[in-house]
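Following are the structures in question.
Each of the next two complexes has subunit A plus one more chain, namely subunit B in the first and subunit C in the second.
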Partner chain A sequence: MRKRPDLYTNYKSESAIFSTLTQKVWFVLLLFISLLLPFYLSNYWMLLVTTSLLIAIASWGLNIVSGMAGQINLAHGVFVGIGAYTSAVIGGVATSSVIGFELDMIFWLPISGAVAALIGVIISPVSARLKGLNLGLVTLAIVFIGSHFFSNLKFITGGAGLGRKAAKLKFLGFDLDSGISIGNLILEKNDVIYYFSLILCILLGIGAKNLTRTKIGRAFSAIRDRDIAAEALGINLFKFKMYAFALSSFYAGIAGSIIFIISGGVEPGTFSLLYSITFIAIVIIGGVGTVLGPLYGAFFFTMLPGIIQVILHALGVADTGFFLNAGEIERIVFGFFIIFFLVFEPRGIWGIWFRLRNYFKAWPFSY
Partner chain B sequence: MAILTEVISFKDVSLNFGGVQALKNVSFDIKENSLFAIIGPNGAGKTSLLNCINGIYKPTTGSISIFEKDSKELHPDEIANLGISRTFQNIELFENMTALDNILIGAHRHVNYGPIRSLFYSKKVREEEKKARQISENVIDFLEIEEYRYSFILSLPYGIQKRIELGRALAMEPKVLLLDEPAAGMNNEETEDIARFILDIHEELGITVILIDHDMNMVMDIATEVVVMDFGEKLFQGNPADAARDQKVIDAYLGVS
Partner chain C sequence: MTIFLQATFEGLSLGSVYSLVAIGLVLVYKATDVLSFAHPALVVVGAGVISALAVDRGVPFWLAFIIGIIATGLIGLIVERTFLRPMVGEPVFSVAILTIGIDLLLRTILNNWIGLNPRYLGDPFPSFGNFGSLVVNGVTLKYLELAALFTAIIMISFLTIFFKKSKYGVAMMATAYDQEAALAQGINVGRIFGLVWLIAGVLAGFAGFFITGGFNTLTQTSFISALRALPAVVIGGLDSIPGAVVGSLIIGLTQGYVAYYQINIENIVGFSLGSGFSLIAPYLIMFFILLIRPDGLFGREEVERV
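Moving on to the complex of A and B:
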């Protein structure tokens, strides 16, 4: 006999990450598929998957500060940039124009997260003074301040238009830049990045889930929904907004420290306002304030160009014969989805999944 | 016999909003373990008194001491953490959350760990969360709201929402509980329920209760002391039976000036 799924018999099962056996089975299955992915997918698709995982990590960060704690942040991309340059300096190669220490990933990965988190802490007092649109405006200013520094601190970033090489992939003394062979299994650099990204994505995803099921997440939601009531319940707004910015920037920093190793270089122009806004769009499309939403949104956003390419090829209009090029179509489709989700499904892709799931749960008695 | 001490004391408190004088030179002491009622017509300044106590408003002149600390130097969350909790006249629950989550947020000050531990869901976190849950379950038991535990606030009737807001305040395990018109908008039966809960909170849990009501009936039966407010001024302070006989109070309620 099937047990009642909503009946919890003890506190532990109620607060578990996966509350049902089905969810556990799915997780293990997905994990298994993920581990085998590099053996079945082409390089092109593997790069998209890896990018999706890293973008998901950064999006979780934005979801913490904006989705959970309700603090508008238009400068999330800047923190990704801070992570990228921290790793490039600590783990990258020095040249005549930029500094670099070629240290191991075991150093640059946590330090990149920590530096971004620290800058997040430094700007968080702004959110204690300003709310809503005003906070949005200040974070907008941070995008421009960030761009200015990124362009002008040439010994760190290489300067506008030029950029610098990203960190080297060295882990526990192993040089992974040219891949690694374990027995007769050969992993290329991109496969290695993929596995690192996968592990980080799982760990940080669990971290995001843990926040929601503990005091920290509850305090964030309280501040988001009713800050005066939250304060009257003993929640220190200043402290918790600081936590939100710190955690959010930490996620961004971690993602940023790795993501540019895929292409090999970072250029200051990347961290534009549009780049920051992309994360907002991803969180909206995925589902604001949900744990899985940013993951869905990140995959959707990153995979979209690939999918559009496939469709254009199938229609035979890939190269010529169509008045819009692939890039333009991408932007239009993406813009369309943002509006669609804002208007029709504010809970994003997560919301659609949630409804589908409930529909099939009730099947065949669905109406 | 124990010596009764003041938990909160108002000294010549005035509060202005531009031209509006919400409070005029109000002074009174609230003794530990009292069930202290504040009554008065709408706009008399009752809610302003509560907002001053929990630090949302700061007096324009005069001072308020809470457990002998000056409220001017404390943020609302610091005042809350001294053990002062409250409900609001217009329910201020977190509507998108379940009743249980609301009550758990009430237990916030008893849960002790930081964000990094939270990310890892460490042993300490699990223990502290269990403690928060235990506190919340006690409150749920006490207020007889077991069946609404997992309901979202928006799906609950008004009377139950009021009770859950009371639960959220109780989960702070406060020393002093401020209730802003807890029976407003309720029918007779619900009002009786609330009155019973307030008495239990006062007597069984030993919490000092400060109770606002615009109407005298409920208060008269349960309060140990009453202050009557009118146009920002204290008209009367004393025991409830005397208030009903006081000419100034009768005039205020009949609208005679």
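Moving on to the complex of A and C:
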């Protein structure tokens, strides 16, 4: 067995979360490294890693509805926004213009996910009736309707251009906004957010992987591959499409509830069409329908500005008025990556990794 | 009554502008099976070219106008040749997402050029009459809006004749009906794809001028107006050209009426709808029409086989 890692003698071992010993070893190794990261990386890189983890969670959500269940969703960013504002209302501070209840994180974290999921369920009667492009266009409508609500419900969001402060970081009564010290171990606020994100990322990542092994996950794949055939097999399309939207929105809500604590505030203009498209691009660049793909995609997306800066500095054009600024270059590179991955490698970064792995797996017979 | 007529006129004029974009979208969808999210970008790029030539370079406006519209058509052609040709036969969804990528590219470059200040297109319409408008029975008619209405009527009649009478128009219809059968009949399907994008680009160029011309100006958010042609297409049905026109008029009129009657509507429903509600009303209309008719008002219901 040890020399034939691809040999599965029963279904259980084939569908295991970590099907080979190598994967288990890598997982434990990565877990160990990521636990130690805050002690070795600078603050700047810690912020990037934390953002990547949270964006990965949101992208897993989109991957559930689009990659696994095959339903287009152009409005994923709106659900991230719903999560962000729910947490800001429940966990944030009230001012003269916005409401806030300053509750504990154990309240606002699950409620943010639940409210986003609820909105997903509310719109699912429309989305379950439609499919393909019409569904995509309805979700496009949700982006604009969502933006309208975000900028007009001023007592929740603070209004367009102004925004409000994000939720307070208070967990089980401990105020973590100014960091925490256990013995002579001092964790700053950013490190605390990082550990929360890491735990959530692991839990929700395993959840996403586990979903592919359950009845619901198999129903999702059946709907994606051929919805009529799935219906003929006795899968209730309406119910499972609703589940897909609810689960996807739940992930988005959880990610959204924490992601804006990093920057401290949240402004309604953030949740534009571009924000939603970002998640689509991350899933496509990472690899549609896989669990690792969105994680790669999220890291790629978050690190891209840094990489571009490094390249610009290396070329010596960082400050000398190159005709596009860094943000614009980033968007153009992003647009090109969407196009090139769709044309040349529809399985995304995961697909490249997959081919590379298979190449060396069969070494020296590389065919 | 005057307000009603004013709203109707503005709605019809808006609807005719949307119909130019919407017809392009439907043509592209019918002939090449691509739903183009890149159209809003084409619309603003056309306006950008006109503005760059007429205002920045001092080219006579009408020459700049013609060059701008032809350039938009050519950009459509280039987009099809470079990015969309390798994707023929791929899932509709992937190609739609790919056009989002194209949209991102075009608009980023254009926004960099537009900058923060609004750009004028240098057209003579604002100087006609009283600040570009004439008043008939208390209703203010802008020359730009009148021109949009007439252009749309002329383009739609021209296209109708083109599809009925000309060789390429008939070939386009055949391609839309069945690509492979059309190929077997000796139609150069590749050329038809290019031609469809060229026509769609030209229509987008016209729409771009009417959306951003006069006092409307070209800004970084102008493309959102063009994006409202998408609900118009969905209301009419993705594969119906008459549907696209009807859908556009519904969207335009909705937007016009809501803009003028929002306070009355708010009094009826009893709560504030928020500023800029007229801009999202089209999307709400689309939402409800799709709930009742998932294929749009004129769309053909797709027969699916397992």
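We take it that the second predicted complex is superposed on the first by the 359 of 367 C-alpha atoms of A that agree within 3 Å, B and C clash if a C-alpha of one lies under 4 Å from a C-alpha of the other, contacts with A are read in each partner's own complex, and residues count from 1 in each chain.
The definition used in the following text is that a residue touches a chain if its C-beta (ideal position, glycine included) is under 8 Å from a C-beta of that chain, and two chains touch if they have at least 3 such contacts.
These numbers come from a predicted model, not from an experiment.
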> What is the contact status of A:Arg218 with respect to subunit B (first) and subunit C (second): first, second, both, or neither?
Replying inline: first
> After superposition on the shared chain, which partner residues are touched by A:Gly335: those of subunit B (first), subunit C (second), both, or neither?
Replying inline: second
> Of the partners subunit B and subunit C, which touch A:Phe144 in the superposed model: first, second, both, neither?
Replying inline: second
> First (subunit B), second (subunit C), both or neither: which does A:Leu62 touch?
Replying inline: neither
>> One more residue to check, A:Ile261. First (subunit B), second (subunit C), both or neither?
In response: neither
> When the two structures are laid over each other on chain A, which of subunit B and subunit C touches more residues of subunit A?
Replying inline: C
>> Let me test your reading of the model: by the given contact rule, A:Leu233 touches which partner, first (subunit B), second (subunit C), both or neither?
In response: first
>> If we overlay the two complexes on their shared chain A, which of subunit B and subunit C does A:Ile308 touch? Say first, second, both or neither.
In response: neither
> Touch check for A:Val291: first (subunit B), second (subunit C), both, or neither?
Replying inline: neither
>> One more residue to check, A:Tyr243. First (subunit B), second (subunit C), both or neither?
In response: first
>> Under the contact rule defined above, give the subunit A residues that sit at the interface with subunit B and also at the interface with subunit C.
In response: 226, 228-229, 232
> Which bits of subunit A are touching subunit B when the two form their complex?
Replying inline: 6, 11, 15, 206-207, 210-211, 213-219, 221-222, 225-226, 228-237, 243, 246-247
>> Help me check something: in the complex, which residues belonging to subunit A touch subunit C?
In response: 72, 125-126, 129-130, 132-134, 136-138, 140-141, 144-145, 148-149, 151-152, 226, 228-229, 232, 273-274, 277, 280-281, 284, 323-325, 328, 331-332, 334-339, 342-343, 346
>> With touch defined as at the start, can you tell me which subunit C residues reach subunit A in the complex?
In response: 35, 83, 86-87, 90, 92-98, 100-105, 108-109, 111-112, 227, 230-231, 233-234, 238, 272, 274-277, 279-280, 283-284, 286-287, 290-291, 294-296, 304, 306
> Which bits of subunit B are touching subunit A when the two form their complex?
Replying inline: 54, 56, 75-77, 80-81, 85-86, 88, 92-97, 101, 104-106, 108-109, 111, 113-115, 118-121, 125, 128-130, 132-133, 150, 168, 172
